[in-house]
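Each of the next two complexes has chain A plus one more chain, namely chain B in the first and chain C in the second.
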Partner chain A sequence: MLDQFFFYIFASVILLGGLLTITRRSAVHSAIFLIATLLGIAGLFLHLQAEFLAGVQVILYVGGIMVLFLFVIMLVNLDQAARQRQFNRQWWLALLAAAAVCGEALYGLYRGRGAFTFPGAVPGNMPPNTQAVGNALYQNYMLPFEVASIMLLVAMVGAVVMAKKRL
Partner chain B sequence: MPGNYIPILVFLVLAFAFPVVALSLAALVRPSAQSGERLTPYECGIQPVSDSRGRYTVRFYIIAMLFVIFDVETVFLYPWAVQYKALKVFGLVEMLVFLAILLVGYVWLYKKGALEWV
Partner chain C sequence: MFNEFFSRQDLLLIKPAVLLALFGCGILLTDLLHERRHKYLNAVTALLGLGFTGVQLALIQRAMSAAGYSEVSGFSGGLVVDGFALYFTWIFLIATAIAILFSVRYLEVENEHHGEYYALMLFSLVGMYFLATAMDLITLFIGLETMALSVYVLAGFLRGDRRSNEAAMKYFLLGAFSSGILAYGFSLLYGLTGSTNLRAVADALVARPSGDPVVYLALITTATGLLFKVAAVPFHQWAPDAYEGAPTSITGFMSTAPKAAAFAFLLRVFLVPLAPLRPAWEGLLVVVCVLTMVVGNLAAISQNNTKRLFAYSSISHVGYMLLGLVAGNETGLKGIAVYLLVYVFMNLGIFTVLVALRRKDIIGDEIEDLSGLFFKNPVSAVFMLIFLLSLAGIPPTAGFLGKYFIFLSLIETRHYVLAVIAVVFVVVALYYYFRLVVMMFMREATDPERLNISPGVAVALAITLAMTLVIGIYPEPFIRLAAGSVLVPFR
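== the complex of A and B ==
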């Protein structure tokens, strides 16, 4: 009961935030509603007892990625874009296509509705989430973890090479 | 376990409620003067010459991007720190290798002057 209450709260925050993100005229407003959406997703993770993921969601997406978004908004001049018409003439066609896809997805979900249940509280003995992640990451998946550092290195070099004028 | 998050919930509710209550209370008592006069600088102020929302230099973006990358690195440190005792020396060496690879990138950045402002 309480589970469902929180699920619907978070789900409506996510949906409302998403809708407002794509309909606002000012890019900064969109970014703020995107933050609300991402926080809602963090809440949903928490609701699924994925505490580590919820923390990562807040630290990385809300704290990191959104900073990048805001910097991009500041880098490019969006005044012109804000004054232009927001939707072109094909919006109703796009809406129709989106509604069709949505209908298909809803139908599929409705057919398989039996499989969706709230996990509920696992009785005792489950190791805390972060510990489980730590065990998996640093024992079973050691190599992918080290490869991740090389990926970060590539991202770092790539960012500097692209954005810096003279190396 | 969900009980642990009640303080956060209370905090969130307060954080959202405070501006709403404060702004709506203020709207009740303040006079509403929506004239163009209100938006101009005071009589001795300097007239603005251009839009205050200009474009920023791309250097900020480099710093922001590097921040995100080191942010990801930090996220990896959390589960490691939690399991530090259980992983023993193996975990320490593992993390040192991870940090060493990223340190190479940091030294490269430093040598290339990507962190210098001018």
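== the complex of A and C ==
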């Protein structure tokens, strides 16, 4: 009962935050609402007893990435962006298409909800699982973990190439 | 205690990727030492890296055939090197080598000759290697993103050029969007089966009752993501813009190596984890194939920009290749392998000529820029004619062979209507390829400027032409190679 209560609280924070992020005119407001969304997701992770993910979510996304976002927003010329039209003329068509896809996905998930097999909830508190995450990353998922480092290197080199005036 | 998770065999299997990554980092460092006019040394380093990787690949191949293995897996089943993976990796290496050969002079003309260009090419090869070998959803996804991120940057490499910036931006946004859809599909597959290993996913999907709506949801999102990556209609809109704006040398690269890698990825996912759902996706794929051939070929007719024209032409070729997957028998899968090999050579040949058309003050990517090519440079005009004939699939050239196997597989599996549609659109393709021929042979030259044939371009032209003709005239060894690469669909 309490579980469900918290789930709906976090879910509505995420949804509302997401909606406000894309509808606000001011970029700073959008960024603040995005922080609310990300915090809601951290809450959901905590709710699922994934405390490591929740911590990473808060430290990396809310703490790191969003601060960078706000810095960038402060550096660009906002007045001009705020005066431009926010949605193009076909927004209602996009809305219809998005609603249709959303309806299909909801229908599929609702009809097939019995298909997902999850281990039953453990009564009481689970043991901390940060160590399990670490073991999985460095043992079974060692290869994708290492390839991700190349991906990050590419992203870094790419950002420098794209942004620097003279190489 | 470490041996349990990382054995010598694992190291051997990722060695090609390790070499590529090391050479990529090496180029980033040695670039600082080269003077401005010696930047071509970066291309030499990159080619050296490709050479080492090729030798390593050949060593793996020899060790495998000596021990009599048809496939070797590592990282507890997360990576598999089989005939399929080796064949595709060779295609990536060859395509990248040719693209590097014709890039040097082009970058000098554009005045954007930097080591990062070659480094990013090698990093994208690392991603491609994992797309061909990975047997794990997470490794596949990260390999895909490694490749895609490098190519986004390469598409925007001419930072002073608005069109190049626009191409990179569009490509990046749509690519990120399609990756999101793909990730949603993968997460549903994981949620349904509880495993990220492709074979375990297939096992779990077989055990499911048929007609499960969540399975269809997972199938549709995954298929959408994959078809986006190979630019099949209706998910093709990014391709013409990205191809037009990107530097011409990168357009040539984008339309071959990353496309082959996306195909390897698509085949692996459709033939292993999604193989049990074949009845569900076959109809879907038929519609996509027909649309891709129709829209690709018809839209190509009205293009006045050569890069856009070849973007639509490459979309229509994707339609033909997907037909091999619809047929799905051994001939069809062999046909896709042959088609991709042949396509890499003929398309890179075309782009070598287009790259040579870029001279000081002449952009050279409108159809008019080809006019009178025969009178200015008869050799390259004749080469171009042969490549165009091959793209259209006219007999003694290699392009015929690719189409032959695809049509044969369609007839073997009784898809007569599809075969007829495919043949009809070969005629349409002839029309727009011959528009270029008319320009080259029957018009006066509009500008007197000579073509820019550097040694690298000459070598690239020689290799692509030789392969286009050799595969067409003496195809047996190549067919045998392709037959060794056929991936057995999961049962």
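As a working rule, the second predicted complex is superposed on the first by the 121 of 167 C-alpha atoms of A that agree within 3 Å, B and C clash if a C-alpha of one lies under 4 Å from a C-alpha of the other, contacts with A are read in each partner's own complex, and residues count from 1 in each chain.
Definition applied: a residue touches a chain if its C-beta (ideal position, glycine included) is under 8 Å from a C-beta of that chain, and two chains touch if they have at least 3 such contacts.
Note that the structure is a prediction, hence the values are computed from the model and not measured.
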| item | value |
| --- | --- |
| Touching partner for A:G18 - first (chain B), second (chain C), both, neither | neither |
| Chain B versus chain C as contact partner of A:L109, first or second or both or neither | second |
| Touched partner set for A:A155, first chain B, second chain C, both or neither | both |
| Chain A residues touched by each partner, larger count belonging to chain B or chain C | B |
| Touching partner for A:N140 - first (chain B), second (chain C), both, neither | second |
| Partner chain in contact with A:D79 - chain B first, chain C second, else both or neither | first |
| Shared chain A contacts, counted only where both chain B and chain C touch the same residue | 138-139, 142, 148, 150, 153, 155, 157, 160, 167 |
| In the complex with chain A, residue positions of chain C that touch it | 5-6, 14, 17, 21, 25, 28, 75-76, 78-79, 114, 116, 119-120, 123-124, 126-127, 130, 134, 136, 138-139, 141-143, 145-146, 149-150, 152-153, 156-157, 159, 168, 191-192, 194, 208, 212-217 |
| Of chain A, residues touching chain B in the complex | 46-47, 49, 52, 55-56, 59-60, 63-65, 67-68, 71-72, 74-77, 79, 121, 128, 130-131, 133-135, 137-139, 142, 145-146, 148-150, 152-153, 155-157, 159-160, 163-164, 167 |
| Contacting residues of chain A [partner chain C, same complex] | 104-105, 107-109, 111-113, 115-117, 138-144, 147-148, 150-151, 153-155, 157-158, 160-162, 167 |
| Chain B residues within the chain A interface of the complex | 1-2, 5, 51, 53-56, 58, 60-62, 64-69, 71-76, 78-80, 82-83, 86-87, 90-91, 94-95, 97-99, 101-102, 104-106, 108-109, 112, 114 |
